Amino acid sequence: ADLKFKPGEDSRFNWQSLEDFRKGHDLKGQTLTIFGPWRGEDEALFKNVYAYFVEATGVDLKYSSSENYEQQIVIDTQAGSPPDVAILPQPGLIADLASKGYLTPLGDETKKWLLDNYAAGQSWVDLSTFKGKDGTAALYAFPYKIDVKSLVWYVPENFEDAGYEVPKTMEDLKALTEKIVADGGTPWCIGLGSGGATGWPATDWVEDLMLRTASPETYDKWVKNEIPFTDAAVVGALDEFGWFAKNDTFVDGGAAAVASTDFRDSPKGLFASPPKCYLHHQASFIPSFFPEGTVVGQDADFFYMPPYASKPELGNPVLGAGTLAMITKDTPASRAFIEFLKTPIAHEVWMAQSSFLTPFKSANKEAYANAPMKKQGEILLDSTTFRFDGSDLMPGKIGAGAFWTGMVDFVGGKSANDVAADIQKAWDAIK
Amino acid sequence: MTGLVLRDIRKSYGAVDVIHGIDLDIKQGEFIVFVGPSGCGKSTLLRMIAGLEEITGGDMTIDGERVNDVPPSKRGIAMVFQSYALYPHMTVYDNMAFGMRIAGESKEEIDRRVRSAADILQLTQYLDRLPKALSGGQRQRVAIGRAICRDPKVFLFDEPLSNLDAALRVATRIEIAKLNEQMADTTMIYVTHDQVEAMTLADRIVVLSAGHIEQVGPPLELYERPANLFVARFIGSPAMNIIPAKITAAGEATALELTGGRTSSVDIPTAASEVGKTASFGVRPEDLQITTGEDFLFEGTVSIVEALGEVTLLYIEGLVPGEPIIAKIPGILAVRRGDKVRFTADKARLHLFDAAGNSYRAA
Amino acid sequence: MSQLLFAVFTMVGGVLACAAYFFGTNWLLDRIFPSKGRTGAEASRNLRITNAIRPWLFMAPALFALAIYLVYPVFESVRLSFHDRSGTRFVGFSNFAWMINDGEFRQSIFNNFLWLLVVPALATFFGLVIAALTDRIWWGNIAKTLIFMPMAISFVGAAVIWKFVYDFRSEGSEQIGILNAVVVALGGTPEAWMTIPFWNNFFLMVILIWIQTGFAMVILSAALRGIPEETIEAAVIDGANGFQIFFKIMVPQIWGTIAVVWTTITILVLKVFDIVLAMTNGQWQTQVLANLMFDWMFRGGGDFGRGAAIAVVIMILVVPIMIWNIRNATREMEGH
Amino acid sequence: MIASSRSPLIILVHLSVLLLVALWTLPTAGLLISSLRDKDQLAVSGWWTALSTSSQNLTGRASAPDAQVERDGKFVISGNLTEGGSAKVSAFGVRPMQPAAFEPGTAADIGDGQTLTVNEDGSYELVSPAKMEGTRGQRIFYTASVPPRFTLDNYREVLSAAGIGSSFINSLTVAIPSTIIPILVAAFCAYALAWMPFPGRAILIAVIVGLLVVPLQMSLIPLLRLYNGVGAFFGVPAKTYVGIWLAHMGFGLPLAIYLLRNYMAGLPREIMESARVDGASDFDIFVKIILPLSFPALASFAIFQFLWTWNDLLVAMVFLGTGNDELVLTGRLVNLLGSRGGNWEILTASAFITIVVPLIVFFSLQRYLVRGLLAGSVKGG
Amino acid sequence: MTGLVLRDIRKSYGAVDVIHGIDLDIKQGEFIVFVGPSGCGKSTLLRMIAGLEEITGGDMTIDGERVNDVPPSKRGIAMVFQSYALYPHMTVYDNMAFGMRIAGESKEEIDRRVRSAADILQLTQYLDRLPKALSGGQRQRVAIGRAICRDPKVFLFDEPLSNLDAALRVATRIEIAKLNEQMADTTMIYVTHDQVEAMTLADRIVVLSAGHIEQVGPPLELYERPANLFVARFIGSPAMNIIPAKITAAGEATALELTGGRTSSVDIPTAASEVGKTASFGVRPEDLQITTGEDFLFEGTVSIVEALGEVTLLYIEGLVPGEPIIAKIPGILAVRRGDKVRFTADKARLHLFDAAGNSYRAA
């Protein structure tokens, strides 16, 4: 395979780690099947990464993906023909697979490695620890490739023209929102539409606001339903979101448009002439839906979704998401692949290609392809609290079901209390 | 060589009884014609013989073997369907060749037989056509051709000539007769409404009525000595004239008083016990002659004159109210509507039936 | 190239193997129980045997495939419906008990009945009308191809298509959904069609009707062409006009096929889920049984017990249709 | 019938068909036009606007300051906003909130003594008394009437994707036998159910109708388990072409049998009887009479079965696999969409690329949906 | 009241020309019978009149109005199809009532007319059946019933009686004749292969052959003075015997020398120029009489005797090789196969045709 970056040539990369890895792993004649969520451009990027693994080990690697990866992995594991390694973005799904005994624990050594090498290591270990079939918790997954969600996107030139400043606190953000309305503009573009997954962008909002209004421990309890959905903290976060989304003058198209506007379309309002909105809350992947030719950092930029000045004890929480790799069939090759993910090079190669963030401290920050990526990487590394997307941690029926539906109902006019009660009812039903 | 034997054959469609128990022995090589009114069960009987219709009751044997449950293909039959039943997707040639191909005949043999059948039936120029591009008569001929191409033990024909013109009908009829002669061992069963066909082709005619047999016999016997009123009326066209009568004297010859008052005597012996009973006196239209003498059988007014060329039909009113007597007189007559005409008839050719409709002669 | 060769080879091989089965078994049967050239009694005995066996020979591959691919999963579903989420622990009727108390399930049942009432009837109706109308115009085939197109379009394609129809943009901004564009052009205010409870069901149904009309059209147009031309001619002579010929002569004669199409679409409606999944995923009260089942089966690892229980309900719903078909088949066989 | 084809009613027929066709194709037309549009336009304006010259608010950017030239002591940047100059500018502005503040040709003051002039043809001139700084050009907002513009880029992108050719062949390898085999199998079965008497026939028919309802998703796991078992037993890979053919056959059979049986039962009984009398066995009758006469039904089912197998993704993914060499066309195209499925321009184009083959199949099989196949075979009602 | 006029009507199916230019004037109320060999185009012509078949060339007018493009429903016709064309999904009753329902007749009127038609056609007990549960003849009767239930300007019958038995055929024929009498204004066009039907029903008979008209005229004229050999052979059954001959002397009567050497003279005038030419001498089977005298027309050996009851057919070999002369002698004869018999015939009933086949008499 052609290697994207010639080993040894670019000093940003830790080539030594590749050489070290090569030594202990000769997998010639073996095959490794990986099932992952990346398709299209992402697949090409990932291919460039695993090319180094193939080059180093001589393994015959087959990567496949599916539009319905959730369904596919359930079918494949249930039917007894799983891939060797699965990489999935949904901890809830992984928990389920683990509880059914389809995953192989990665062992204490890996756990220790994560604690040592990942920023906010304990968060990551907690995230990747699930109960197995026998009920004992173990590390089953390896976080690889992170998205930061606590971002607000804007067009710097529009801010400049209108004389707006990037807000540093949530209070400022709310003030800015009102100011834009006063200026005759519309501050926000919010779109929850996503076909069958409609509603999910709102869950990010709520989670982000939850981390800014309640403690991380409350957040953890919430996602495990140790406090009910109807808890005041949760309802409060919902209402915070409602402040933005349920105000007709705050959102492009009015509150009614929120639920049905496609999340992929909604950022386009930033770039319209005249602009349909000035602000857009979305994760780090969103630039791929910006108009062609948009240069992030110049034509569009982001700022960290600020915390409340009134709640300094919460620090700078970061909401994120990411994919986790796990062993679905225990073979030397799959073990080796997890080992490979522990090398800096496995991270740096993707960092250098864009749309990849990592909390891996040893990965060279300079390898990030551009300034915005680096800025996001810094947000991640600087975070005092990192929390994984709550809806992904909840059981599928809630996090990818009742919660979504609830949010659609919420922006559709239902009160926060009612919505929370509905979701809690659904949660009770699956217990 | 016992041929085909039907014993108390019955058929019902659900609650409708169609065949009420038929007993019939058909010798091998015989030519049997089924006649009977429309809907009396001829086709049904034929289809049962072919094995296409389940036999509800009774036994059928071919050559001594019970065949009730033997499928059609094993009975060694060929059949011409009343509704043709051509294969719509095959050309005329293929329609005729189908059976032989199934039987695995050689190509040359098939070709020879198809062409000769087509020749006989004047179909040669249509061999490449599909049935839908044929006229009604042509379709019927294909159906016949299909049957005669094969070489079966039993031929079944269901009104095979009904859509043909007179000339072709005669020609085809003669071909069938020839076929019958050439294949002395082949039994033929033939349904027709055509008197001429029935009379000329049949070794024996079976007269059916409402699902049972009225009479079986050679054509002339049926014509001359019909067993009952039904057969008498059915055989011969126009039908036999029937005049209600009363027996006035019995003996070697029977004396009668006809409706209308005329008396007559017929050469049929009756028992003395019959005197005084009502009877039906029958005379065929073609047995009536016009007379000017006094010794006439009856007299009447001509209501319709139908000149057919070779014969003239006279419809005579006045004897039986509402039912004209028909006379068939050779040649073209000068008789006009409204004329009063007297008729006489050969005594030997008169018929007499009892009140139940059975012939005195047969008794 | 080699892939092409392989493809051609496997294709031909597969098809030939299948044909060989039928010829082979049939030949064997005639070999084992010969009737040609045998004497009477033996021949007819053999014939009885072959006649009893042959239907099963003809049906064997079909029955085999049906048994494995459909009957076996049915039993598996029934079994799973009495088990817990991982399909291992027996839980009795608790899945069904849950179901009856589940609001979403009741919503789905209600919606499914709406679908069953509307979609099969309209799709069959349009299919019939189009088949009849296009039958006798010179560009009928072109028209049919165009109307058939939705059937041929992949589901992802269809989802985009209807996005361009139902899309909603706020008032004042440019509409990219044609429905709202029309509404706006007529002076109305744009609507988020997918979110209007109850009515949104109908907007979803429109999609299925749009797709399934092609199916009905093709099947019915084959049936229409089987009608004996003479009966139509006779009706023309009898003075019937186009409508009378259509409703009194053609429709009754293809009634059997209409019933088949209707049945097929009805059953398909019971199974419909991809439209709902792609357009709303059951939100805004548009949930249907099949999507609910899918949801429980696969979302977040899946709950096989509940998924299977819903599947069992779907399968039970088809029982009346089966009974009706038994009746039809027996009546039809009597007629023969 | 010919004589009646000239009646005024026929015009009505033409009109109603036209209307129905329009209704049915309108949504698809949207897709077709969208697939020919620029991908940024897709989500911004309705597809129907692409057909005519439209007035759009656009944003352009003047060349970067390093392109400035000094003229008469002033620094000038000039250029053209509309590549090729096909659009006509009707207004322009320099601030996002007032994109149409100036008439074309007028000089807009943008502060610091700088002026901007945009002409109707899209050419602009930015004049500054002082040397301009920065790396980026000045944004220019303008309203222009843009003539329809279409591009084949979307198609090019889809068609040039790696592996599309072999996926195409994979799809055919799946679809063709998956169409022919079930038809053959179903036709035999349908014949037996329609014309061969045996006990339990009606029940069997009903069961087959009932099986129509079995949700595909329910069967996947048990079946795949079975496959793996069989595969392991024989030591062959579980996911093979034969496996997927059989799967498609299994799922397609109920409908095939149901449709075909219904059709065959309607054939005139006398034709079959006549063949039987001619000595044909059931097998002969089936092959030589029933099959040719069932062409309309066979063709219509073939159309659907082909279409389903061709457009199928799920069964192929499960029974054939998701790897690169097994991927069918639908799988390949879906993978092009990227992980978040937002690339409508690819969706639109690939929808039309996949539709081509089924449409060819439809068009070529349509001629078997013939009229009057049975004409001339029997007489009577 | 000009009735129906056909002017140079032509029809071709693709390259096959079926009708070659028909000119025919049918007066209103006339009863026209088309006869002709199977496949000659009778049904096609009828279907063109009905408007079911496009007219390839020529003009057709009904009551002076060109109707080439008028749809069938506007032509005021009723038709009995050769293949019945019953509505398979309707009962017999509904089949017959359909046309009237379409026309919006009252329920009582429909019921009355259906029941009376069913009565005439003996269908009353089948009114609730579907066509598939009927016999061939019953189906045909339903087709007739459907037509006579309506009240059209023109009746078209395509072999309506071909599947009926003799008695029913006569009865139905008479019903049709009555119908024709009652509805004096209604034109009837009737296709048949049955000579008797043609002769009894027709006001005029049209003899068709291979798509063109051979002769048009009243039945007896066709029988007595056939315009050509084709008509001569076609009308009458069995067909006229044709014997090649040579004209030996012309004048008021024509003297001939027949094949085989016998001479004869016929009462047909010929021009002197004809002497020496070959001609065809024709005599109808029913015009032959057996004679023992010396003044016989010809002598031959009986090869087949067909006794039909009322008449006997004798097939005589020896005169024209390969083509037996047929004689139809009334009654049942004692003649046997192999007997040598002499025949004579009335001079006035002899026919003579020139080499082209046209009658000398007509000329």
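Things to note:
For reference, chains read A, B, C, D and E in written order, and residue numbers begin at 1 within each chain.
The rule we apply is simple: a contact is a pair of C-beta atoms (placed from the backbone, for glycine too) under 8 Å apart; a residue touches a chain by one contact, two chains touch by 3 or more.
Please read all numbers here as calculations on a predicted model, not as lab measurements.
The most central chain, judged by C-alpha centres against the centre of all protein C-alpha atoms, is C. Summarising the inter-chain layout, the chain whose CA centre lies farthest from the centre of subunit E is A. Ranked by separation of Cα centres from subunit D, the top chain is B. Of all chain pairs, the one joined by the greatest number of contacting C-beta pairs is C-D.
Per-chain Cα centroids separate subunit A from subunit B by 94 Å. Centre-to-centre, using mean CA coordinates, subunit D is 64 Å away from subunit E. Centre-to-centre, using mean CA coordinates, subunit C is 20 Å away from subunit D. Remark: subunit B and subunit D have CA centroids separated by 68 Å (rounded to whole angstrom).
Residue positions of subunit B touching 2 or more other chains: 71, 83, 133-134, 136. For subunit D, the set of residues touching two or more other chains reads 1, 4, 43-44, 217, 223, 281, 313, 334, 372-375, 379-381.
Across the assembly, subunit C contributes residues 51, 228, 231, 233, 236, 241, 297-298 that each touch 2 or more other chains. Across the interface of their complex, subunit C is touched by residues 14, 63, 65, 67, 69-71, 74 of subunit B.
For subunit A in complex with subunit C, the touching residues are 68, 70-71, 74-75, 90, 92-93, 95-97, 99-100, 195-199, 252-254, 256-257, 259-262, 276, 395-397, 399-401, 404-405, 408, 412, 429-430.
On subunit C, the positions that touch subunit B within their shared complex are 35, 40-41, 43-44, 47-48, 51, 334. Those residues of subunit C whose C-beta lies close enough to touch subunit D in the complex are 3-4, 6-7, 10-11, 14-15, 18-19, 22, 26, 30, 51-52, 54-56, 58-59, 61-63, 65-66, 68-74, 76-77, 126, 129-130, 133-137, 140-141, 143-158, 160-162, 164-165, 174-178, 181, 210, 213, 215, 218-219, 221-223, 225-226, 228-229, 231-233, 236, 241-242, 256-257, 260, 263-264, 267-268, 270-271, 290, 293-294, 297-298, 307-308, 311, 314-315, 317-319, 321-323, 325-326, 329-330, 332-333, 336.
By the touch criterion stated above, subunit C contacts subunit A in their complex at residues 86, 98, 102, 159, 163, 168-171, 173, 192, 194-195, 277-284, 295-303.
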